[in-house]
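Step one of this worksheet: look at the structure below.
In this document, chain identifiers A, B, C and D correspond to the written order of the chains, with residue numbering beginning at 1 in each.
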Amino acid sequence: MSEEIVEHGDKERMIRGFGAMVLARTLNNKIMTAQRQGRVGFFTPTSGQEAAQIGLSMHLRKEDIIYQYYRDMPMMLHMGVPVDIIINQIYGNSMDIAKGRQMPSHLLARDYNFMSVPSPVATNLPLAVGTAYANRYLKKDGIVVASFGDGSSSTPDFHAAMNLAAVYNLPVIFFCENNGLAISLPTEKQTKVEIWKKAEAYGMPGILVNGSDMVDTYEKTREMVEYVRSGKGPVLIEARCPRMGPHSTSDDPTKYLTDIVKEGSDRDPLIISQKRLVEMGVITEQIASKIREDSQNFITSKFDELEKIPPPSPETLFEDVYEEPTWIIDEERGEIIGRN
Amino acid sequence: MSEEIVEHGDKERMIRGFGAMVLARTLNNKIMTAQRQGRVGFFTPTSGQEAAQIGLSMHLRKEDIIYQYYRDMPMMLHMGVPVDIIINQIYGNSMDIAKGRQMPSHLLARDYNFMSVPSPVATNLPLAVGTAYANRYLKKDGIVVASFGDGSSSTPDFHAAMNLAAVYNLPVIFFCENNGLAISLPTEKQTKVEIWKKAEAYGMPGILVNGSDMVDTYEKTREMVEYVRSGKGPVLIEARCPRMGPHSTSDDPTKYLTDIVKEGSDRDPLIISQKRLVEMGVITEQIASKIREDSQNFITSKFDELEKIPPPSPETLFEDVYEEPTWIIDEERGEIIGRN
Amino acid sequence: MVQSLNRTLDMKMGEDSNIILLGEDIGKDGGVFRVTEGLQAKYGEDRVIDTPLVELGIVGMAIGMSMNGLKPIPEIQFQDFIFTAFDQIVNQMAKMRYRSGGTITVPLVLRTPYGGGIRGGLYHSQSGESYFVHTSGLKVVTPSNPYDAKGLLSSSLDSKDPVIFLEPKRLYRSGKMEVPDEDYRIPLGKAKLLHEGDSVSIITYGSMVPAVLKTVTDNSLDADVLDLRTLSPMDRDSIIASARKTGRVVIVHEAPRTLGMGAEISALISESSIEYLYAPILRVTGPDVPFPYRLEDLYLPNSSRILSAVNRVLQFR
Amino acid sequence: MVQSLNRTLDMKMGEDSNIILLGEDIGKDGGVFRVTEGLQAKYGEDRVIDTPLVELGIVGMAIGMSMNGLKPIPEIQFQDFIFTAFDQIVNQMAKMRYRSGGTITVPLVLRTPYGGGIRGGLYHSQSGESYFVHTSGLKVVTPSNPYDAKGLLSSSLDSKDPVIFLEPKRLYRSGKMEVPDEDYRIPLGKAKLLHEGDSVSIITYGSMVPAVLKTVTDNSLDADVLDLRTLSPMDRDSIIASARKTGRVVIVHEAPRTLGMGAEISALISESSIEYLYAPILRVTGPDVPFPYRLEDLYLPNSSRILSAVNRVLQFR
């Protein structure tokens, strides 16, 4: 099957996918280091989930709308969101689209059809359903992807969104990145049933993929994406992709986790995917090394450069609550930073 | 199988069950008439759901705790809640346990282990799970029953409660009385999957029963109740029992419903169950008629008698917000009815 | 008011095909209060959507629709049930513009009936406006008559910000009045002076407006009666102007006293105009108890309580 | 404060086997702020329950437990996430005693960290006390130091009514002080006068207490500083006594101004004591905008804002 893909002209796509994985890992590691150095406030590492995300997003198009969650930086990079846009949000500086209002990891890039991430988990899922409804009603092209973690399957919003998408037969891909944990709670204690199987309770197809392998994810999700794109209704995809680090930079996983997937080990999705691609003749070890090196240089220079951008101006605190500030906000701005 | 039941000494139980069905229907009809006469404020009729409820509650014991919903008056009557307790709540008079605070239909009888009904549907389900947890932790006997309508399966609370009960393997019977409608929305538009099948998504057994037939419900639910009682975990039972009237006394069903089950027709659960019992030799037509007649007389006199009880005193408005009224409530009572 | 709302929705849907209604029983049934009667038959099931029983889904879908080009009008059947969708309102609807740096907006109008007067007991009678007014990012509007209902609903639909449109269900079927057929607006954020006087300012809104007006007329009170109409943002200038003029203020609402709108109005006046006051600022409100069924009439502020508060401030030395 | 809370929970669990803790990551992980550290190891998984990710389930289960003989202490990881369980709190927890005519009670203590100060942005910083204080049937408590944390938590556990126990996360790791090992209580509903003066009353609570005290000391202000400690019901008598004594009041809190606690305190004073006031009642609060990440320090009330409000009321003629 893999050879088939290559023959069908997917080689380019595979290389770009792998490149994005490497870029994302490099950026992730850079941010984690910067956070330890006190240069960044917070981060939820994305390592371990690159192959799952990019394996799926290789099927996506510009017009597709993505309600990503806080670990989907790799998918954003793969879909062409410029590194600057992401790093500025990590710093929360004056060039940040969100004007430094969100904790890092809560990314957005409206121009690239990446919606905004709230902290309350899974609460974007009903929005994704509404957006899909609008898309169909307005006869716009494009499907909607809504991603979330395994823990998020317990939430009210998951249930609401799954049922509504099914009832209205909407073009939504529910993409569960099952990294085995919700902070400290293992998935087995979250729910007794495998998440992909829950699709049946709502009347939609569900599948399980090996989210540690970009090629496997890509191949297995193809049919699902086509199903949704052809208007047949929503689907649920569960990708298994073990978390490789702490839940966030505030978390100490040693309390609850012994078996962490090590970077560079043969359970690391970068290693797994690279091996597959080398076997398939899509890349060579040399090309892979070159990609890693280029990423490293690129990220390091970008990251250091953008750190110099100043924080948002005090006025921004009072903007965007409403289209026009109310007298209340004007008054409060006056009290806090003086009237302008 | 039915003969077997009778031989096993269930005859008494069957007669009591049928008696409760008739009593409940009689009371239901009386309330509906009284409501039209302006003597009662509101009601959600319970007709059509008697066989389902009582078919299940024939397996229940005094120590079992029931989180009923607003159509479960028949089950309450069957479990021995005195008619007075119910009628006083229908009037919301000064003998009402709830001190006239709740709309009629939102019944309670703590002494009989019937908990209190809130209006927001299904929001009692997570409570039922907590109560079951307490029961097990405190090593108390008794299982927990939580009933709800088909529409309620879409709610956040359903999802939360089902998952939690399964994760902690708690003794809860989730009892869905599927009357085919949520006010005006038919079940097919509520969700694409039969409700009993949703049990699988949580890792518990689910069954479907014919809730129009008391004997069928009784027989089919037995194993489920035993399963729960033996500590194996929660179950979901769906009973199909078409609504026979309007959603409530405020509702005009002609807008959305053409095929209403008529009272006394061969789809009326009272008729269906009576036939079964006569065939089984549990009762005769004569006994059935006698039961109906007695119920009629009993209910009429009770209903008229209790109407004379005065409304709750003004002071009760300010009680039971807290164990002791706060200064705020004291102050407000003073302003509204004068200090005492 | 039901008719006025129904006609306004009809008119607006006719003008703008991006307006979508969604909620429980709003289609075939026409809504439990008949506000959306006939609209599904006219505009189709795609535009008047009967939803499953899940308020957070209704609100969440509406937000997602509005982010993608539609103008949704979700209905919550009773305001009492909105709390099951409260996270969507507080954390998504109200904060989307802010957290996206203004790149994503959520123009929608969430309609819901609130307040007592129909013997609805604890869960069909609540007046929860404070929960929304305390939440920045939302506008909160409530009409007190059919004319305002149309003008305020139209302005709400013009708003680029989410509006919580609270319909006093007690007034759904009362207060018949002429409502012009043509399009008009009542600007958000502007109160209306319904009665003018120099001795006392009575500030109120929504369901209490008729009772206040009746008290004033029946007792020939020399009172300003201010109908706020928009609760967030309130009409600061009108409130302050009236308070400064009369120096005596009574606030009337049905919601419980503690942190009800009266608290904010009182605080606003005493931080801006305390030197103009001759008397305490009094509040006549529902008590801080859940809403009752049988004793509803005792719960709701009435003429005698309003009058007694007015007399207290008038007689205060 | 974390240590004080942890030890109090430990002590109480040791005394009463009906106390059950439940929440996300409170067991093995010891809670994201370490408040429940070590308790699961000591008391077992049955008494310190790691729950799935569903706040309404945590709260709903806790209610059901408390109705049936247990004394649950549910934790919501951040107060910002409590809105997903808001219906359970407003419509079940707060109304159960009332709607059952007093036959069913819900004694439980819901703990949750609130407020800013950890660079948590929009969703890890909110101060939502108003939502709870507006809801009758709930008690709302917030300590400002480790000593009070213990005494208030103990009293909350004695309460037969549900208590929302708000922990100012900014003070979790600050303000080291001696906390006695023995059992003691701080009664609910009683404020504490932390500093005495005659010129101005500064009323505050929770996370703002240290900043207010510092402002008062640094500037040698002749001020009463009142730490409310219980927000519902507030300590009416202490507030009024201080306001009447000084005639000048400043209220300080982190929550947004509109319908924040300051509104109710202000309204309470101006309806009961207006004739004692020499100056407007001022509020120093967070602004009515969502909580920011990078500009957090600008959002939080600080000494200079407190001082400037104090000076305004002192200089008012």
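The rule is short, and it goes like this: contacts are C-beta pairs under 8 Å (C-beta built on N, C-alpha and C of every residue); 3 or more make two chains touch, one makes a residue touch a chain.
Not measured: the values here are computed from a predicted model.
Participant: Any chance you could name the chains that touch chain A and chain B both?
Facilitator: C, D
Participant: Which chain maximises the distance between its CA centroid and that of chain D?
Facilitator: Here the answer is chain B, farthest from chain D.
Participant: Taking each chain's centre as the mean position of its Cα atoms, how many Å separate chain A from chain C?
Facilitator: 40
Participant: Round to the nearest whole Å and give the separation of the Cα centres of chain C and chain D.
Facilitator: That gives a centre separation of 30 Å.
Participant: On a C-alpha centroid basis, what's the spacing between chain B and chain C, in Å?
Facilitator: 36
Participant: Mind pulling the residue numbers of chain C that touch at least two other chains?
Facilitator: Residues 51-52, 54, 56-57, 80-81, 83-84, 87, 91, 95, 98-99, 122-123, 136-137, 258, 288-290.
Participant: Would you give the residues of chain A that are in contact with at least 2 other chains, written as numbers and ranges?
Facilitator: Within chain A, residues 101-102, 106, 118-120, 123, 154, 156-157, 159-160, 163, 167, 189-191, 321, 326, 328-329 contact more than one other chain.
Participant: Counting only chain pairs that touch, give me the topology of the graph as line, ring, star, complete or other.
Facilitator: Its topology is that of a complete graph.
Participant: Which positions of chain A touch chain B when the two form their complex?
Facilitator: 154, 156-160, 163, 166-167, 189-193, 197-198, 200-203
Participant: How about chain B: which of its residues touch chain D in the complex?
Facilitator: For this pair, the touching residues of chain B are 65, 96-99, 101-102, 106, 108, 110, 115-116, 118-120, 123-135, 137-138, 140, 156-157, 159-161, 163-164, 167, 319-323, 326-329.
Participant: Which bits of chain D are touching chain C when the two form their complex?
Facilitator: Where chain D meets chain C, its residues are 80-81, 83-84, 86-87, 89-91, 94-95, 98-99, 122-123, 130-131, 133-134, 136-137, 232, 256, 258-264, 266-267, 269-275, 277, 279-283, 288-290.
Participant: Across the complex, what residues on chain A touch chain D?
Facilitator: 41-42, 92-93, 100-103, 106, 118-121, 123, 151-152, 154-157, 182-185, 189-191, 250-251, 255-256, 311-312, 314, 316-318, 321, 326, 328-329, 332-333, 335-337
Participant: Show which residues of chain D lie in contact with chain B when the two form their complex.
Facilitator: 18, 20, 46, 51-52, 54, 56-57, 59-70, 72, 84, 87-88, 91-92, 95-105, 136-137, 139, 159-161, 189, 233, 236
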